[in-house]
Amino acid sequence: MTIRVGVLGAQGRVGQAICAAVEAAADLELVAGLDKGDALDAFVTAGAEVVVDFTHPDVVMDNLKFLVGKGIHAVVGTTGFDEARLDQVRGWLEAAPKVGVLIAPNFAIGAVLSMRFAEQAARFFESVEVIELHHPNKADAPSGTAYRTAGLIAEARAKAGVGRSPDATSTELDGARGADVDGVRVHSVRLTGLVAHQEVLLGTQGETLTIRHDSIDRSSFAPGVLLGVREIAGRHGLTVGLDPLLDL
Amino acid sequence: MTIRVGVLGAQGRVGQAICAAVEAAADLELVAGLDKGDALDAFVTAGAEVVVDFTHPDVVMDNLKFLVGKGIHAVVGTTGFDEARLDQVRGWLEAAPKVGVLIAPNFAIGAVLSMRFAEQAARFFESVEVIELHHPNKADAPSGTAYRTAGLIAEARAKAGVGRSPDATSTELDGARGADVDGVRVHSVRLTGLVAHQEVLLGTQGETLTIRHDSIDRSSFAPGVLLGVREIAGRHGLTVGLDPLLDL
Amino acid sequence: MTIRVGVLGAQGRVGQAICAAVEAAADLELVAGLDKGDALDAFVTAGAEVVVDFTHPDVVMDNLKFLVGKGIHAVVGTTGFDEARLDQVRGWLEAAPKVGVLIAPNFAIGAVLSMRFAEQAARFFESVEVIELHHPNKADAPSGTAYRTAGLIAEARAKAGVGRSPDATSTELDGARGADVDGVRVHSVRLTGLVAHQEVLLGTQGETLTIRHDSIDRSSFAPGVLLGVREIAGRHGLTVGLDPLLDL
Amino acid sequence: MTIRVGVLGAQGRVGQAICAAVEAAADLELVAGLDKGDALDAFVTAGAEVVVDFTHPDVVMDNLKFLVGKGIHAVVGTTGFDEARLDQVRGWLEAAPKVGVLIAPNFAIGAVLSMRFAEQAARFFESVEVIELHHPNKADAPSGTAYRTAGLIAEARAKAGVGRSPDATSTELDGARGADVDGVRVHSVRLTGLVAHQEVLLGTQGETLTIRHDSIDRSSFAPGVLLGVREIAGRHGLTVGLDPLLDL
């Protein structure tokens, strides 16, 4: 039996890619694609079981209130969720105990897995550093993902009582050893011809482990969204981030 | 408080490296190093709490029987354990419920982690292939590790109902697409200047995840052995493989 | 002073990218873009100094005859040139000694350089192997580029009297060691999420050199075409392949 | 016919490796290995045609004066040569026009080739950055090799009129974007389990070229020294650096 899927923000760049991915999946059926100005009731009429929301922080809360109220599960990639907003969603879900909502800042499964693996491996290696590589139009260095990855690594090491990576550098040309994020060195490469890439390097006596993620296309969120669509009906309440669905 | 450690096979190449690593660790104390012909009683006299055994299949069972009988924990890298031998050890341990024995075929933490991560990630990607790269004196292709890794990947995908990696190849020069291990393609590179390396490549729409392990020195077993020494007192009974200690 | 550039096949996918690249370059001016059915005289009227031809084997010879006759330089990415066709072009150029024509099968500078470097380095290393990695819709394995690269490597080693790469493999699962192209092992990976990538691995005692080319976008021919446009006026006669312009 | 080779500094760590490599080579014969205190005349008696010198700046000039005077070619890895010393050697060689001397700061062929290729490729790419990765006991960052590589790249780009690599970074955590060496960004990774590695990343529209050198063993100078021994008899006068012998 197929899952009946609705998409909010269906005409947007991301929304179009999700509609296409849903239509291409044998076990999913696209029953409604709505945009700004369309009445949400169309999801009820169409019998949508799960709705994917890639819209805007200004409207996503109204969307969620409606969907939860109608007993429709939601998979949300829209940004702008702080603790207050998450609590609000939890409140609505208490009144609808059979509904599941997934809110995730990153649906690229490879990115989520590589952060998780880095976090798990961090305490077993004497040394760890992060290199992130992006196109040269990026404004921030390091990338948000590298910053979060380094933070997770630092936390895992602190919890396990592992000290800083050894480093005998006594003569350094300013910046050579990268940025220090919670004691973890992070290097940012900017290069024409690249898109979004990250390497976590972990090393101990005689061996190194490298976890590399390459994203060359924004369509890389699609498999993660579909995973969310397939799993959310079985997860009542609020799920934050893709990790819990990966069952690691 | 330090852990009192004994080493069996202390003069062997591996044993020497382990003795050195134990002595270098602040929380461990090397209290006895024995070899072929030495009386095992010396471990009791020295008050060893954990004994590391890198000896020979011919003597390891006698060693274990002695150690378990004396209430000494053991960390074993000696090869040649089949189910019958493992059952025998379990039998001895039933009579010594406070003793822990760890028997592992591979103590390189990076190798163990990369296999585990590959297994965990395998079902989330449309495609997966394995490249292993070794020095040119290696007799078998693919390596045992690559063979096992591909097997774990295939099993994880089968369990999750994920099909074979897509492949439109219609014209192939014999061997170009590698070996087929349970439906997973494995490529073996042999190159002077390399030691032992492995890459698991996982890909889905728009993104790839690469898990690479490089081992350039046989000393890479040392951190895994020390981890075993530190944890085994807390794990009564038989533990097979390093994985359970990694707590993933 | 800017160079006045015309484009033949201007509405094609490649032609459009070239028009955009010419317009974006400060030292180049797009003066005419023609397609099937348009009269070539428009290039003369527009005062084109160099014309880029990405059309079809059926029409490219007529185009070149016209351009050379009118004293216009040409940069040609159209396929289908055999020795007979090249000789024909050389004949036309004898009568027009100030005209330059560049015909190249591959304008991706990175691909051309990586082949060249592999060829140059091949004789200094005991071992060399090639890994090419592509999207799973590719029909042939190995790729044409990998096949040519291996051939160039084999030739360079034969010329220098270097023997085959050492290989002690005695037990091989069928295909593990890749395809044999003139004595050079080539491995073909097919993975969703990849586009077109190649690695040449060279190894000798204690060190390895890796030359990797990643192409993630068909626009990668553009910088090579612009290089040709800028250089061809200074190179009278026929130039085959991008290599001579790279001045290595 | 074999070449008769002498080694100066034969008991040193490097000298021993060279003696072993000479003995293992079918076309070379080790005829004398001398050390501090031994009379150099032994090389004459033994009929050495080429002498390899890995000694000390304090004695290398006396060694060279003797060898050139006796008509023996020399391959020198000893450090400490400035322009004054090189001029002195050139002076001695004028009086011995059939003798060849090779003085090189780096005999690792892979390192020399990767620097050369980076220099050659630098002007064809919009962007270029360098990542060097070493064991954590290294005192300087970036490494001397990375520093020289970046300098060669900068020079090649300046000569070709290529501007700085594009970089839109407006928010940077201190150090994230690496060190600036003549306008080229250099990143230094320090990791247990690594030895000496370097990556030059070059990128243009839609494609990247990566030149990576991995050195895991100090024996990596041996193939370069043997190349020098084989070629120096054919190169009268002074040759500085391995590059000219590579014939690129």
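Some observations on this one:
Note that the chains take the letters A, B, C and D in the order they are written out, and that residue 1 is the start of every chain.
Here, contacts are C-beta pairs under 8 Å (C-beta built on N, C-alpha and C of every residue); 3 or more make two chains touch, one makes a residue touch a chain.
The chain list, named the UniProt way, goes like this: A, B, C, D = 4-hydroxy-tetrahydrodipicolinate reductase.
All figures in this text were calculated on a predicted structure; none of them were measured in a lab.
Where the sister copies chain B and chain C meet, the same residue numbers recur on both sides for over half of the interface positions. The chain pair with the larger count of C-beta pairs in contact, out of A-B and A-D, is A-D. Its interface matching that of C-D in over half of the contact pairs by residue number, A-B stands out among A-B, B-D or A-C. Taking the mean Cα position of each chain as its centre, D sits at the greatest distance from chain A.
Centroids of chain B and chain D (each the mean of its C-alpha atoms) stand 39 Å apart. Our note on geometry: chain A versus chain D, Cα centroid distance of 46 Å, whole angstroms.
Work out the mean CA point of chain A and of chain B, and you get 32 Å between them. Residue positions of chain D touching 2 or more other chains: 125-126, 193, 202, 204-208, 214, 216, 220. Within the complex, the chain A residues that touch chain D are 125-129, 131, 133, 136-142, 147, 165-181, 185-194, 201-208.
Within the complex formed with chain B, the residues of chain D that make contact are 193, 195, 214, 216, 220. Listed in rising order, the residues of chain A touching chain B in the complex are 21, 108-111, 113-114, 117, 120-121, 124-126, 202, 204-220, 222-223, 227, 246, 248.
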